[in-house]
Amino acid sequence: MAIKGIMRAGSVQLRVKEMGPAVRHYTEVLGLIKSHEGNDGRVYLKAWDEHDHHSVVLREAETAGMDHMAFKVSDNDALLGLEHALKNAGVILTEIPEGTDEVTGRRVRFTVPTGHTIELYAEMERVGNGLSLDNPEVCPDGLKGMHPTRFDHCLLYGDDLDGSVKLFTEVLGLQMAEQVVTSDRKMLIGAFLTAATKPHDVAFIRSPEKNRFHHASFFVESWSDLQLCADIITKHRVPLDIGPTRHGITRGGTIYFFDPSGNRNETFCGGYIHYPDRPTLTWTEDDLGRGIFYYDRKLNERFLSVTT
Amino acid sequence: MAIKGIMRAGSVQLRVKEMGPAVRHYTEVLGLIKSHEGNDGRVYLKAWDEHDHHSVVLREAETAGMDHMAFKVSDNDALLGLEHALKNAGVILTEIPEGTDEVTGRRVRFTVPTGHTIELYAEMERVGNGLSLDNPEVCPDGLKGMHPTRFDHCLLYGDDLDGSVKLFTEVLGLQMAEQVVTSDRKMLIGAFLTAATKPHDVAFIRSPEKNRFHHASFFVESWSDLQLCADIITKHRVPLDIGPTRHGITRGGTIYFFDPSGNRNETFCGGYIHYPDRPTLTWTEDDLGRGIFYYDRKLNERFLSVTT
Amino acid sequence: MAIKGIMRAGSVQLRVKEMGPAVRHYTEVLGLIKSHEGNDGRVYLKAWDEHDHHSVVLREAETAGMDHMAFKVSDNDALLGLEHALKNAGVILTEIPEGTDEVTGRRVRFTVPTGHTIELYAEMERVGNGLSLDNPEVCPDGLKGMHPTRFDHCLLYGDDLDGSVKLFTEVLGLQMAEQVVTSDRKMLIGAFLTAATKPHDVAFIRSPEKNRFHHASFFVESWSDLQLCADIITKHRVPLDIGPTRHGITRGGTIYFFDPSGNRNETFCGGYIHYPDRPTLTWTEDDLGRGIFYYDRKLNERFLSVTT
Amino acid sequence: MAIKGIMRAGSVQLRVKEMGPAVRHYTEVLGLIKSHEGNDGRVYLKAWDEHDHHSVVLREAETAGMDHMAFKVSDNDALLGLEHALKNAGVILTEIPEGTDEVTGRRVRFTVPTGHTIELYAEMERVGNGLSLDNPEVCPDGLKGMHPTRFDHCLLYGDDLDGSVKLFTEVLGLQMAEQVVTSDRKMLIGAFLTAATKPHDVAFIRSPEKNRFHHASFFVESWSDLQLCADIITKHRVPLDIGPTRHGITRGGTIYFFDPSGNRNETFCGGYIHYPDRPTLTWTEDDLGRGIFYYDRKLNERFLSVTT
């Protein structure tokens, strides 16, 4: 197979302040499917078209934010190769044995220069996408809320952007699909990194504080579905951040909103297909408003400053 | 980077009976962009969001059909690796030196068991997608016709299906995203093969004759764009095959029509994202009608039998 | 108010062979809302955005087909005026007293030259559209199936087309938005008649037998919603007639399918807005294929010949 | 015919500060079609699916704003009836003889209590919608920009709201589809008035100054087309006001932007069909944010205060 190494953003573990409203939000509003509730109270969720056991884990905690983001690797050999490369790069790895959460294979955990905890794994229990593997329909019955097809990516804020970008591109094998630089082009401000063909699997924005979480994004199939998301947001009186609108970066359609703990969610549609021979696009800070919000063409303070 | 080896269906060379009407069809109706006309009269075309010089080559000939389909490989090292693997598998390779067509790097050409000519290449002159690499817009001005974003895949008919599938999966590294089998599951009838994350880059259907061409497909961004395609087909009195409808296989939206020489074209939208850990789906012949035309749920003779 | 007289196609009473499957079809698949079940076993249904008590009545009977189609008149004075005009035109009226079905005001019933039973009424109990009249949301919760917004129109087949058209246009005040004529333009074959601004409220096609029912149509909001209709049709294995496609006549998007008794349903989207100063469009029989199925550009036998 | 009296918002005459950029905006960006340039320099424009000569007139002037809005009446008899009713109501009428602008029939002009100049006319030269009246296609070739199908409505600001509403509903025969009232429900703040079945043909908002123009709106066919509008706005660097978003009032999709003189334009899609028996909806001032911008659920200062 042509995809070797990190395949995609596999899952994200979010801290929520109260589990009840959080689960209602992620299942009834966002429309994820609950796979499992752990003995430790964590709730495991998946988007409908994912075959793996989960892509979102909710953990109740005092503060909101992201515990870690995990990338799925093509196979255990590739995982061993990445561990070797990480060690060579001086990264300290923690191993989480297979089955610690009952469903995931062996994981390695480490901290990247922007302060975020990242995990890699190659195996997870497969629960299927609700459709038969033989002669399937095109979608399952009983989907709720926005019902995205997949967890798509996260945007993370942190200080040592250059360090994290170097680690993800040179050691972990991601590519920079788009970058944001200061107007004098001397400093990198943002990086949109892809593991395979999505416009991004993870993105980083330079900001003073380490380990901040900006949003987790979920993929919906069309601009029409994005209107459905917007209708649902208002009907449920979910706090809207901005949208529906479009990004210049990735070209994707977007709407941002907040879960009950203040973690930002996005539903996202469209965007180009990225191949390794596609040139990296560059945005300069003076035109970044259009890069982030293609229609408004200006940044908004809340989008820039509110993170968890 | 995580994608190594064959990345995607890169280009297809089609035979057309008269170049004038063919070029009008592919530029005004389908809405490809003419890159170049060769000294030998061949016309090179690209879809707007491709950065490479061309993805379609038209060659005037007595009969319609496909000369060859070419896959783009991630880099020249990977190309050498594939050549080595092909030779080991007993495949006879013809080398086409860099620059033979002025824009493509070194190519290797070979015939697969279903009789089709396949090429591999790792380099092609880059002409860009009509947008700046710095602070781009979301689409260029002046697009015409259906203006797909990319050449997506071909469907080929031939006799030794098992042989071609074995070569593409075991030697060339593609994966079988979906397969069609007889109702007793004893014989493979169809195979949908992906190089990276598209539902297919090339598909094969078993049929008695070698080296038949069913269609070349181009990607449009939405079901709404597919209605635009349909409107254009009727306004230009292009022969419609079937659609707009939906495939069960790939889940993609589709419309089929013919170029003036009788080569079948498709515009296609949607479809899932395929990763190597996604299970292969199986369709049985008794339910194949729904697999191919999800709404009609029955096959039509023309679709099955008309090839070039 | 500017609309006086007949406002719209208000309701249709259909015969179904078995009430259970019929109700399941009209509520779960088509997604109408059940308002009421009469003592005589008739089931009353409405589309979600209608404020009146019902727009579809199902009656169990030996044979499928349409009992009658009813038009809603702006007010009782206008109803009296229409009764007067009908009597003057020699039409025999039957009066159905207010409240016969518990919810509809006084009705008049008569037979038109094509053999169909038509009713007029000005009042019906109002049950609302599921949204508040104060500060409403944009749609109610819990909609099922295709959930059209309204009953839109019927297409009826019958022999004395000229007679019915004359009655509807000269006595009842509808306008001919589009007409179909033989290629020599000497005979009217079809008439698309509008009461206000929809492209049609009722249409007639000339055919040898009196009082045949071709389809009842329900309005959905977009071409995207029409894809949802198509997905539902296949998932429920509802017999598809044709679509999704587009009409040349009305320009509307369309999909046709059958209820369990064989009555044809349509969901329809788009179409122009008709005002009295819009010219009547004319289709000739030789181009009627494109008029009815704009993409296929040819008629199909089942569509022409299967009626109930 | 069932529609008698005022049928619809027929045309609007706007003042622009410089004709060249204005014409470029209304033809290249908005995508209206230029019908004619008068000897006095006025430019007459139409939306593609209108059959009448024009629906927008541009007049070069020192200040931006609206000269008048004109309503099309079903026929000259109905026009005489409305004149009679206006005179009875004490309204002073100015008659503009047939042909003053070469293409419009006899007009009457008057000022309504909010200070706006209104005209009524029953006839205008018909130029067609670019499609044949026999066997037409579904849309003409060569459409540019946003290419709305029609001029839809205006929103006007003025002081004596009660007076204008009374005149439009009691004398001119429009209906109030939706109203906005103070939270104590004692004062009317806004009125959305329909002549036939659109959610509105003209709307008024109470504001201190007479004769202010808020926007002219043009109808596009879908939420997908609204995204196209948004893309065009950014590509042409047209000043965006807000959108794409959705109204609670009318439920329509919307995007607002400014012409080069600062007149606000809207493109609008969707919305319900209004019949005379549909109840008037009421919005209270405390929930008006959601009424105007259903997704943001809050008003924005520019939208409320910037008029021409």
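Letters A, B, C and D mark the chains in the order given here, with residues in each chain numbered from 1 onward.
The criterion applied here is as follows: a residue touches a chain if its C-beta (ideal position, glycine included) is under 8 Å from a C-beta of that chain, and two chains touch if they have at least 3 such contacts.
Please read these numbers as outputs of a predicted model, since none were measured by experiment.
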- Any idea whether A-D or B-D has more C-beta pairs in contact? A-D
- Report back the single chain whose CA centre is most distant from the CA centre of chain A. C
- Item | Euclidean distance of C-alpha centroids - chain B vs chain D, Å | 48
- Item | Inter-centroid spacing, chain D versus chain A (mean Cα positions, whole Å) | 44
- Query: Among the residues of chain B, which ones contact at least 2 other chains?
  - Reply: 137-138, 222-224, 231, 234, 246, 290, 294
- Query: Connecting every touching chain pair, does the picture come out as line, ring, star, complete or other?
  - Reply: complete
- Inside the complex, what are the residues of chain D that reach chain C? 1-8, 49, 51-52, 72, 74, 126, 133-138, 149-150, 173-175, 195-198, 221-224, 246, 248, 251, 270, 272-273, 275-284, 287, 290-291, 294
- Note on the structure: Listed in rising order, chain B residues that touch chain D in their complex are 137-139, 141, 222, 224, 231, 234-235
- Complex contacts: residues of chain A adjacent to chain D: 223-224, 227, 230-231, 233-234, 240, 243-246, 253, 290, 294-297
